[in-house]
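Think of it as A, B, C, D, E, F, G and H in the order they're written, each chain with its own count starting at 1.
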Amino acid sequence: DIACLDHHRQLRQGAPETILGASKTAIQMITIVAAMLRRDSNVLITRLDEDKAAQLLAEYPQGVYDSEARTFSLIQNPIEITGLGKILVVCAGTSDLPVAREAAETARMLGNEVEELVDVGVAGIHRLFDRLDLLRSAAVVIVVAGMEGALPSVIGGLVASPVIAVPTSVGYGASFGGIAALLGMLNSCASGVTVVNIDNGFGAACAAARINRRNSS
Amino acid sequence: DIACLDHHRQLRQGAPETILGASKTAIQMITIVAAMLRRDSNVLITRLDEDKAAQLLAEYPQGVYDSEARTFSLIQNPIEITGLGKILVVCAGTSDLPVAREAAETARMLGNEVEELVDVGVAGIHRLFDRLDLLRSAAVVIVVAGMEGALPSVIGGLVASPVIAVPTSVGYGASFGGIAALLGMLNSCASGVTVVNIDNGFGAACAAARINRRNSS
Amino acid sequence: DIACLDHHRQLRQGAPETILGASKTAIQMITIVAAMLRRDSNVLITRLDEDKAAQLLAEYPQGVYDSEARTFSLIQNPIEITGLGKILVVCAGTSDLPVAREAAETARMLGNEVEELVDVGVAGIHRLFDRLDLLRSAAVVIVVAGMEGALPSVIGGLVASPVIAVPTSVGYGASFGGIAALLGMLNSCASGVTVVNIDNGFGAACAAARINRRNSS
Amino acid sequence: DIACLDHHRQLRQGAPETILGASKTAIQMITIVAAMLRRDSNVLITRLDEDKAAQLLAEYPQGVYDSEARTFSLIQNPIEITGLGKILVVCAGTSDLPVAREAAETARMLGNEVEELVDVGVAGIHRLFDRLDLLRSAAVVIVVAGMEGALPSVIGGLVASPVIAVPTSVGYGASFGGIAALLGMLNSCASGVTVVNIDNGFGAACAAARINRRNSS
Amino acid sequence: DIACLDHHRQLRQGAPETILGASKTAIQMITIVAAMLRRDSNVLITRLDEDKAAQLLAEYPQGVYDSEARTFSLIQNPIEITGLGKILVVCAGTSDLPVAREAAETARMLGNEVEELVDVGVAGIHRLFDRLDLLRSAAVVIVVAGMEGALPSVIGGLVASPVIAVPTSVGYGASFGGIAALLGMLNSCASGVTVVNIDNGFGAACAAARINRRNSS
Amino acid sequence: DIACLDHHRQLRQGAPETILGASKTAIQMITIVAAMLRRDSNVLITRLDEDKAAQLLAEYPQGVYDSEARTFSLIQNPIEITGLGKILVVCAGTSDLPVAREAAETARMLGNEVEELVDVGVAGIHRLFDRLDLLRSAAVVIVVAGMEGALPSVIGGLVASPVIAVPTSVGYGASFGGIAALLGMLNSCASGVTVVNIDNGFGAACAAARINRRNSS
Amino acid sequence: DIACLDHHRQLRQGAPETILGASKTAIQMITIVAAMLRRDSNVLITRLDEDKAAQLLAEYPQGVYDSEARTFSLIQNPIEITGLGKILVVCAGTSDLPVAREAAETARMLGNEVEELVDVGVAGIHRLFDRLDLLRSAAVVIVVAGMEGALPSVIGGLVASPVIAVPTSVGYGASFGGIAALLGMLNSCASGVTVVNIDNGFGAACAAARINRRNSS
Amino acid sequence: DIACLDHHRQLRQGAPETILGASKTAIQMITIVAAMLRRDSNVLITRLDEDKAAQLLAEYPQGVYDSEARTFSLIQNPIEITGLGKILVVCAGTSDLPVAREAAETARMLGNEVEELVDVGVAGIHRLFDRLDLLRSAAVVIVVAGMEGALPSVIGGLVASPVIAVPTSVGYGASFGGIAALLGMLNSCASGVTVVNIDNGFGAACAAARINRRNSS
């Protein structure tokens, strides 16, 4: 057997298991999707390249592939907005868009209202200050940035809401595939910024959704 | 001049600036505390060693030094509980206690109810399962662990609330001063775990407080 | 001459030399296999890609290529089960399957009974607890996991038998091609877990076979 | 509370929890030892420096401190030899002795017959060949080496029994505190060598004990 | 002989050789200073700790030791301001002061007008915007920052003059002794920021002086 | 929207925003160029591969692609020489040419006179000494080198003008994609050498242009 | 101009400049070869892939391409054996052959008698001991090994002649492209082993040639 | 037993075993020296700190401790010059002296004529050119340098004899305890430079002695 699905996750955490497409074969994923559909679950696959997406669409034409976010989604049960506030996804440069879109797509699948703010990196910081109202209107802010990853520190100092930083592998040389941005974010002098893995838009959205559906128990 | 305090932070973010004691001299900190007291602010110093603490206590006997958490706090205005739910600080081993206590102290200073759960590492996992109710009662869970840093993944899979992982520098050899735990947490297969810097109990508490005071705007 | 085979190994260690296919040409391997067949030895090639496998199969149609494990085996002398107990190969996720299968194939070639347990990663830990009996029935447990590599710590705490951890390169970003999992395993808080190289299912099986054929001298 | 002992470990794994002394205070350890004595358990503390050892001996004069191995042991119930064969601890140079002794001490506490072979590094390889009989008489071989860590590869090629490699932090410059030896061992061309953390004599002994008490279930 | 002074440097580059005090003995430095005095040169020693400074002052009471900058200077020939404009040294936090002061001291010794701006890190970015006029009045800006090292990117986007970034080792955990800040600065999205070694206030000042004395040949 | 151009940069810094082509799609760049043309700005794209260049040339035949420098430039307003002196771009080996050419192209676009000196690495140092006059005639020297990156130290000791070092990824093995050269340059014993990111000819040229247009305010 | 050949090298060092083919275009190399032929120099290109080799052979059919060593040589002046003794190139495994052949080819071009010994890695150490006479007959020994790189330590302990170690990138996972072997060799406990860059067969041969042509001045 | 001396080394390699003092206790070394004296061997201890040296001198007053080289030598049999030519030890800065002296002391003990050239780093390269005759008179050149480690490349290009590069840990920040210098030397563009471990003056001297006593077999 190739997989042992965590069908119980919907109950424990309010969201079904997501499929990380990167190192699975199309055939493995088709098998897993079949099992999820039998359980009446919505399906989200991330990090899916175009070739495998085509094979999944051939099998499940009711699914949708977003080639920028590299996500495949198949919605059997309409998604209800259950998040309390708005999740804002900010990104530093045009090149960070795929990661930002993965975050936005995932957050929407998890029942949240999402807004996006693009290309407001710190080298032209007036672009950020022009949008202070938007920044402060969000319940959670996801900040996506590559290169030196300075944007979350600046935003973390401007808003009072939770800030989740996503380093991206955008850059070259001493960016070391996102390490520079990752370290920058982990060492943020703006207290209360938390960090996820490099290029992990999906994980940032999951964390934001946990925060946004949180009650005071 | 040696410092330019961000007095505006209380307004922007509901909490005064905290002093990172590690690389400041006692004299610098005494000066900064004086400026904060003039502004009628509460004071929290983190990463303060015993020698410098003694100098601060000599100057400000109304302050309190916690030698395990290595924090100095001086409360002029009684702290009100403004956090919506309970923040739970869990740690994997006895050796992780200083970081866990820094997190707990900071969260309390920021107006939150805090509970602690100690020495429930994954090598004897029944210890964790005995406390599932406590784990699920928290609004936010801070998980502190060194060595392989596996605890946040397990807890992240058991609760639906936000989980903030704090790697510690506990370990030796290939723990590389906390890198092993840090990487483990960044690569957590439990979706929605976010991470702060190694030994950064303070930052985890700030993030938890942001989450716990969050409204839906 | 291109190779100097260690024909003496069968005698010293009870198993013939294995061919690491990764950086050899098909022609080199065909030559080496010929030499082994002349010595009446069974043949195992690991890390063999499909192209080279085709060339080997053209030359030696009596061989078998397993495209998931990426192994080529040619059995001249039927394999006898000489291992004392059962070797259990556990893997954390579907993506770790190739490494797990390499371990299982190798262990079988070395004369052991092998069982496999797939996709029981720590984020849905009930899946593991459902199989405690199987885990405790094994003489040796090989645990294969990528990302944060936490599974061997949990299993190491649940069983009394030897546990061999195999980190895999599954993951992205700060998994650094398996470093995160490797470090997690080296720092396991479950005492008595030993570790092999990243993706080294072969080596784990060899170690398990040494253990499983061990007598008290 | 400062600790949550895994009293169940003796049952699950045939050995009580061991105390890692490195980052605990003497007072914390005295408390933990008290709890273990109440449970009628033998006590082993590792990585204990001389100062803390003195405090423990003052409290528990029936304990024994080995200043080379840096272990403290307190034996309430005489140790029975339950291991099936002999565990041989080999070390490459005089400077690796403390780690080798930690391994030997731990293996003895876990009920094994132990022998030691010292200073047989690969630069004078005849020293090793003079002792082939001893090497081949062991049920498990623990090989401790710093600098380039080549010894386990050579021994792994000479014996058929399980070989556990322990890299040490002995060396300077590009030994990087044991990384060179660790990598050497993980990449051993002798198949079936497994590795533990740098300087982790304790862990190697635990693994050897698991192997040596193993039955075929 | 212990040193071969580059007496020709004053001619080639308009400034005498500077003594890097860190790994020299006091006796070695006293000898070198004697040789420089014989050549009628001014003397600057950097990275000098208090103990060695005392020995140098005992020998050369006409020298001056700055315990924050850790510099010793002995001025035989009054320093003339030869730099064309003002060099501004900005630092992100109070803890970065020693490096900032080393830069300022060095720049002054090299004949430049110097101004300092302290504790204007990006987490409270209004502090920086309050001083835009000062920032834009400088001929060269040296920006000193630890932790995530984001300040040079923000300043680099605000001014048109050359910006030299100095990462500091201030921080802990994943700041890795200044690597996080160094990488952040090397990957700055503000084009035209150049970088010197971690904590190298001296080097930044030398570069600034080269720029500030530059003519169009 | 995919981009938020910093149109204000020309005013703040005397040069328009440049497009980093590496991780943008051709369509994204065509859109961005259109926006810049509407603002009457000159256009420079760096790190553009041949395929995308063809798409841009199809859309904007008035542009020019330099396949060695991998730059695309489109000049609407003739470039005036505004730099005060000459910028000299030196490179150590033939293999460093693409980075050197990127620097030269960029410096020219920014209004500077540029000269190039090629293949004068330190292993045949007489080649450098033959050109001392040229080296000393420059207002700013950009030094491009891979492998051990020693050239900037030698040149930094020979000239009095500002030296900007650009490490390249030329080399193999322990050059680690330019890390060896980068570290060499950061640790230069020639005081006053500053460094940019690996392969960042563009950034070096921007810094040189800042220096070369600098006035004493 | 694209190159500034060091024609003087033959005089200074008794051998012409060699062309590192890896990051040069075929056209660049054809130009450089032309310049060398005009100077009546023999030509050696290393790290040349098959495609570029074809272009060079088309232009210079008198040249010879060795596809295993990846070298192109063009001999105008017959090579005389000027080396005093024999250079022995030993390699640990079949996969290390390309690097070993590059070393052998280069050493021959530099006027040395060369012998090769293949596939005598330390896991089957009797293979090495069978050839002690050969090992001890060499004036210089070049030892090529990947994975843990232990072979030079063993050989360094067996012979009295100079031993040059060449780490190769053969291996996977924690071999990190040859870092494990490199570190192993740098930390060799056999005193007097020196090391060159990963995969640098060429450099090892140059060093061996320097040693072998050495006189006592 | 604590040591197994390689008494056979004098025969195999013409020099007795040397004692690496760094991680041995004084008592261990006294025991080892006693064993060597009984064998009528000369004694060399390296990396010996002042405290342990005092204990050794108390026991063996006929020994000599060199506090700069940190070596202890005890000569029972007068040393004969058996090396063919002169070994020249060059160092880049005053701070590199201890490593240079360790190399010189060791080379002398091994029967070689040694000369030293100090403080001729590449930032003032005329100092090196003033000594070309000396450089070219040596049979082997050992080049010791910290920081960027550029000196061996320059010298390697100037002489035809073998060049052994020793990186030192002199420097700070991104010198990473000698890594920058080590990488610089491994990537030297001067062909035929070989490298030893960071600060390993001893190993460089052993290699130089092997070269210098070499005959053509």
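Everything that follows uses one rule, which is that a residue touches a chain if its C-beta (ideal position, glycine included) is under 8 Å from a C-beta of that chain, and two chains touch if they have at least 3 such contacts.
Because the structure is predicted, anything quoted here is derived from the model rather than measured.
S.K.: Hey, what chains does chain E share as contacts with chain G?
M.R.: The common neighbours are F, H.
S.K.: How many links in the shortest chain of touching chains run from chain B to chain H?
M.R.: Each step joins two touching chains, and the minimum needed here is 2.
S.K.: Looking at C-alpha means, what's the farthest chain from chain E?
M.R.: Following the centroid criterion, the farthest chain would be C.
S.K.: For the homomeric pair chain E and chain H, should the interface be classed as same or different, according to whether the shared residue numbers exceed half of all numbers used?
M.R.: Under half of the interface numbering overlaps between copies: different.
S.K.: For chain H, which other chain has the most distant CA centre?
M.R.: When every chain centre is compared against chain H, the largest gap points to A.
S.K.: Could you tell me the distance, in whole angstrom, between the mean C-alpha positions of chain D and chain F?
M.R.: Computed value for the inter-centroid distance: 56 Å.
S.K.: Starting from the mean Cα coordinates of chain A and chain F, work out the distance between those two points in Å.
M.R.: Each chain's C-alpha centroid was found; their separation is 35 Å.
S.K.: Just give me the whole-number Å value for how far the CA centre of chain D lies from that of chain E.
M.R.: Distance between chain centres: 49 Å.
S.K.: By the touch rule stated above, which residues of chain H touch at least two different other chains?
M.R.: 93, 123-124, 157-158, 173-175, 179, 182, 186-187, 191, 197
S.K.: Touching pairs of chains, which are they?
M.R.: Applying the touch criterion to every chain pair yields A-B, A-C, A-E, A-F, B-C, B-D, B-E, C-D, C-G, D-G, D-H, E-F, E-H, F-G, F-H, G-H.
S.K.: Touching residues of chain G toward chain D in the complex: what are they?
M.R.: Chain G reaches chain D through residues 92-93, 121-125, 147-150, 153-154, 156-158, 171, 173-176, 179-181, 183-191.
S.K.: For chain F, which residues count as touching chain A in their complex?
M.R.: Residues 1-6, 8-9, 17, 20, 22-24, 28, 32, 47, 167, 169, 177-179, 182, 197-200.
S.K.: Taking the complex as given, what residues does chain G use to touch chain H?
M.R.: 12-14, 18, 84-86, 136-140, 157-164, 182, 186-187, 191-197, 202-204, 206-207, 209-211, 213-217
S.K.: With touch defined as at the start, can you tell me which chain F residues reach chain G in the complex?
M.R.: 94-95, 97, 118-120, 123-124, 126-127, 170, 172-175
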